[in-house]
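Listed after this line are the structures, all set down as structure tokens.
Each of the next two complexes has chain A plus one more chain, namely chain B in the first and chain C in the second.
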Partner chain A sequence: MNLKTVDTAGSNSMHAQPDTHPDPQVRPYLDIHEQGREALPGERVEWHANWRHGCLQRFADQGFPTLRDEEWRYTSVRPILSKRFAPAEDSGLMPDSSAYRIEGIAHTLVFVDGIMQGPAAPLGMDAGIRVDSISRVLENDPERIRPYLGKSAEERAHGFSLMNNALYRDGVLVEIGQGVRSDAPLELLFVSRTDAALILPRILIVARNNSVARIVERHVSETGTSSLTSGVGELYLEPGAHLDYHLVESQSDSAFQVSGNWAYLSRDSRLDFHTTTVGGALVRNDLVIDMQEPGAQCNLMGAYCLSGRQHVDNFTTVVHSAPHCSSNEHYKGVLDRRSRAVFHGRIRVAPDAQQTDAQQANNTLLLSPDAEIDTKPQLEIYANDVKCSHGATIGNLDEQAMFYLKSRGIDGDKARLMLIRAFVDEVLEAVGPDSVQQHVKALMDSKLSRLPISTKSG
Partner chain B sequence: MNEQIHADKELASLAQREYKEGFVTDIDADTLPPGLDEDVIRTISRKKEEPEFLLEWRLDAYRRWLDMEEPGWPHLHYPKIDFQQISYFSAPKQKKLLDSLDEVDPKLLETYEKLGIPLDEQKALAGVKVAVDAVFDSVSVVTTFKETLAEAGVIFCPLSEAVKEHPDLVQKYLGSVVPAGDNYYAALNSAVFSEGSFVYVPKGVRCPMELSTYFRINAMNTGQFERTLIVADEDSYVSYLEGCTAPMRDENQLHAAVVELVAMKGAEIKYSTVQNWYPGDEEGKGGIYNFVTKRGICKGGGSKISWTQVETGSAITWKYPSVVLEGDNSIGEFYSVALTGNYQQADTGTKMVHIGKNATSTIISKGISAGHGQNSYRGLVKVLKGADNARNYSQCDSLLMGDKCGAHTFPYMEVKNPSAVVEHEATTSKISEDQLFYCRQRGLSEEDAVSMIVNGFCKEVFKELPMEFAVEAQKLLGISLEGAVG
Partner chain C sequence: MLTIENLRASVEGKEILNGISLEVQAGEVHAVMGPNGSGKSTLANVLAGRDEYEVTGGTVRFKGQDLLDLEPEIRAREGLFLAFQYPVEIPGVSNVHMLKAALNTLRKHRGEEELDAVSFLRLVKEKAALVGMKQEFLYRSVNQGFSGGEKKRNEILQMSLFEPSLSVLDETDSGLDIDALKIVAEGVNSLRSPDRAMLVVTHYQRLLEYIVPDYVHVLAHGRIIRSGGKELAHELEDRGYGWIEQHARTA
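After this line comes the complex of A and B, so read on.
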């Protein structure tokens, strides 16, 4: 694997000046850093401290993205910036786990407002899977995560992920041992409880050679809280590893979420990444897959169902850095009321990445005259022996299909629901573990049942 | 496999195709020294004896341009352009009015001869009548077929003449589709444009022949800033052809044109381009920077605008012929073949903006990259809230020849109406070995097989071109691919 050690970028002497920083939207977050510095993990580990301060400096310099940034042209973060968010204190109260439990998932790690509850390793976890808190690893054995932690910041990072790098207080490290094969999903459950909480999840996953594992990252809100979740996940797949990852976003409709996941795939590894979004006022999912060695494979599946004034932006980048890799991406969305979805799918095929197979599709159902979709697939291809395609469709329910169902005695509303459900099912059916599949289907059903589904025509 | 090796070898020679229009015509020219300021604009305006409103319009555009920044978003790489090194006006020295072709400088005619344009009426292509308005550097040399057109009531003349003879029409429509401050190069063009064509087709008239303009950049260090304005009044029809060439030179030359089309109720405009500007040599030296703004507006109900382009030349192409579908039931079409070889770069595509109800748009784009060429499709389909039943179909296919080239697609779709149906498809691949094998097995030479496959790839676009242009486009592609693939 092509790993570079993270250091460089800044030094201890470089402190952003919170008091004098000109951008009033950035200043409060610099203040948070200034006040909480003592408590931040890894400050005594030189490489980590340097890296963190480098990110802080970059965050102070570039601030939050605006509509003028090409990568954010359809998503305004103003609703986020108009509010103040700050890290919540640890209330010490475990949430009522039964309320969030998914049938069939035995291993769950709970985070309340981003703070890990209980021991890092959930009871009964397979022996080959090591789960640790990042702050503890930084204290005891920082070299263990040095090649992995923070690599994502080397890329073009935006203000939110830089903020996470600069301010995160703890995170979770999951290391799947060589050859370990585990079917039982490990769940990372993020519960937001406090209003205006700043939640900074940090996930680091290292899947060793030929391991097989399943991970569910789930975000829920306890009440109708309006919190800001700004997470960074870094996934490393060593040769032959197979990781099945599910990101499930069902926070309250007033919550904000900016989530960034970066995956690095080695030879013959495979990543299945599923994103399901039904909750959140403004959600942005950055997903970057870098296939660095031949034979790597990835499947990205996404489903979103939005209503009210929800705004979801899926920003995906698939990089074919090596030959003989394949990628398949399929996102499907249902938009009602005044919701808006943005899809950005970028496929980049490097000059020597011959024999690439890259497919991508984005389909959207627009159900209301006030909903909006902005879709922007991109192919950047520098090699010639490739098979690449992308497709995008936008439309309403098929009149003929509606007629067919109605002519068989199914009433309009029901027929409409059936068709919408069938539309998203194509993606949901691909969700691996039954327990997770049933959960996301149930989420989708409950969301659909709440849709007013503007009855435009019979 | 053997075929493949052979094909690759032949591909290499594609990268070295020669530019057959790369001759310089030695004609005395009246050229302004390089540089740009308000005085230069005043001079251009004075030389062209323009009315006051136009000078003010130019100066306004210039002032806007000063405040604008060169766009950095295209997927293109080129050194910064020094706009003070460019001469903004160059006219062949021959100022008196021409009555017939006999009076034209024979050297000029020879140039057009070499270009294969039948300026001469008898030579009208394959019996098809074509009216030609030839623009040499910045000045329109001669316009043929004027009388026939005049009988039908069609106005087809150099823009400078239209300014004098039909100032009301020009004032009404100039800049109505592409405003002076639309973008960096359009603003520059608005400030310094020196020539172009003007077409007005009156109500209910079907233009009796295809109209055609040939552009040619001849003088050294000149930029060509022509401006075309076509207005098709209610229920009229016009088909317009545009072709371009330039001599071979080491330095890069700038071509920043603006084309505006206005289609009123029930009118149809068909605009076809074969662009073969000098693409630079095999090391990527020299060549034309082709930064063009083209936009049409379907103003009235049931109107139609169709863009067809074959882009084989230019070091850099940056153009997005667009259609604003304002009228109900209007139709916008865009058919494009873009070929980049050597070190050519193209960032081209279209914009379809749906405003009216029941409007339809179709986008077919075929990109071919060879050598070190970089070919990008960039397009926008926008459906506004009130655009009920909008329908769009887009297809962008790229063909890759050689392992140093690149093909990119950047489509944008913004839809705000649930009754819209928008589809986009894109594929990228090389010529498959199966296809080659199939043809070879049936006794075709590799060269024939590849040219057949490439022609098939482009067919959807070529069939949209007027006949004589389709022949030329195929020939151009043929030259470009000569020996390219065995």
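After this line comes the complex of A and C, so read on.
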């Protein structure tokens, strides 16, 4: 694997100057750093502190993205910037996790407003899977994560991920031991409890050689809280590792979420990454997959169902850095009312990444004339022996199918739900563990049953 | 059971049905024959309630109700079934799921208990065997990737499952080989009973050798130009539609 020790960008002597920072939207977050930096984990670890401060400086310099940034053309973060978010006090109270329990998932780590609750290692976990709090590792054995933590900041970092780097307070390290094969999903459950909380999840996964594991990263809101979650996940797959990762976003409809996941795939490793989004006022999911060595493969699947004025932007970047890698990407969305979705599929094939197989599809079902999808494939191919395809479809419900079902006595509303579910099921059925598949289907059903569906017909 | 009086209908402003009157009693099988473009399929689709067809005049009463006033799903629940000429493919909706949802809706409407998964499966497998449909087709998406014959069998499977009081078969015989045709006919014949009726729309006399009708109506230019017994079908087969149209014009 092509791992470098994280560059010590910047140094302790570099300080952003919060009091005089000209950008009123950035200043409050610089203040948070200034006031709380003593409590931040890893401040006494030189490489980590330097890296943090480098990121803080970059954040101060570049601020939050605007519509003028090419990668944010269709997503305005103004609704986020018009509000003030701050880290919540740790109430020390565990949420009633039974309310969020998924049948069939035995191992759950709970984070309240981004802070890990209870002991890191869930009882009864496979002994080959080590789970630790990142703050604890930074205290006891920082070298263990030095090759991994913060690598994502090297490229494609925007204001939100830089802010996470600079301000994150806690996180989780999951290390899947060499050759460990675990079918039982490990769930990372993020509960937002406090209104206006700034939640900065930090996830680091290292899947050792030939390991097989399943992770569920799930975001829920305790009550209709309006929080800002700005998460960074870094996923390292060593040769032959297979990681099945599920990002499930079912937070309240007034929550904001900017989620960035960076994955580094080495020889013959495989990543299945599923994103399901039903909640959130404004959600941006950045997913960057770097296939660094031959034989790696990734499957990126997304399903989203939006209503009201929800806005969801899935920005995916798949980098074929080595030959003989394959990527398959399929995102499907159902948009009602004035909701809006963005799908950006960037595929980069490096000059020597011959025998690349890269497929991409984005299909949208528009249920309302006021809903909008902006879908943009972006292929940058520098090799000549590649198989690449991309396709986008946008459509309405099939009236012929509607009539067929109704002519069998099936109620119009039910027929409509059957057709919509059938549309997203293509992606949901690919969700590996039954427990998670049942859960995302139930989320979808619940969302669909609440849709007013603006285009009533028949 | 069904009384059609002076029914007129148009598609995209073009008049297709020009005043059709037809009376179907319980226990009867009526065949509606006619050349292409005579309005046969329009009649079938208007009865089922497809909204591309605009009814411009006339009345249709079904079991004492104003049929044209009912939504398609209500017509189905009241006991009307259309076997489609071109059954629709519905990717992602499994056949068995659709059949169960439909059957239980109909049963509920009739005041019968809904079937649980086990009893439903037993019933649907039995019916599938009856129409010669392989069980794997139950688990595929509705009609997706089915051959023409398999689609038609799926229509007849639904008919025998739903046990409608009035079945309208829209050119169910078109595109079928003789073996499939026999199976379809057997399915239809097994449903014949004193309290059910059928309207069999067809271009060819061939089907009527297996489903023997009580009455035959010949449709041309959106009107019934001749009605008779089953012999009329044979006469048509021998002499062609040209004969009867000419006959109608001079009459």
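Points to keep in mind about this one:
Following the convention adopted for this analysis, the second predicted complex is superposed on the first by the 456 of 458 C-alpha atoms of A that agree within 3 Å, B and C clash if a C-alpha of one lies under 4 Å from a C-alpha of the other, contacts with A are read in each partner's own complex, and residues count from 1 in each chain.
The rule is short, and it goes like this: contacts are C-beta pairs under 8 Å (C-beta built on N, C-alpha and C of every residue); 3 or more make two chains touch, one makes a residue touch a chain.
All of these numbers come straight from a predicted model, not from anything done at the bench.
Superposition model on chain A: chain B and chain C are shown accommodated side by side without a clash. Chain A is touched at more residues by one of its partners, and among chain B and chain C that partner is B.
Contact with neither chain B nor chain C is seen for A:98 once the two complexes are overlaid on the shared chain. Using the contact criterion defined above for the overlaid structures, shared-chain residue A:382 touches chain B, although it does not reach chain C.
Contact with chain B, but none with chain C, is seen for A:374 once the two complexes are overlaid on the shared chain.
Once chain A of one complex is fitted onto chain A of the other, the partner contacts of A:449 are absent, as it touches neither chain B nor chain C. Once the two complexes are laid over each other on the shared chain, residue contacts for A:393 go to chain B alone; chain C is not touched. Applying the stated contact rule after C-alpha superposition, one finds that A:407 touches chain C and leaves chain B untouched. Here chain B and chain C sit at a least CA-CA distance of 16 Å once the structures share a frame through chain A.
When the two complexes are laid over each other on chain A, chain A has no residue in contact with both chain B and chain C. Across the interface of their complex, chain A is touched by residues 73, 75, 385, 398, 400-430 of chain B. Interface residues of chain A, counted against chain C in their complex, comprise 398, 400-401, 403-412, 414-415, 418-419, 421-423, 425-426, 458. Touching chain A in their complex are the following residues of chain C: 48-51, 71-73, 75-77, 81-82, 84, 87-93, 97-98, 101-102, 105-106, 109, 141-142, 158, 162. Within the complex formed with chain B, the residues of chain A that make contact are 70, 74, 351, 354, 364, 366-369, 371-396, 456.
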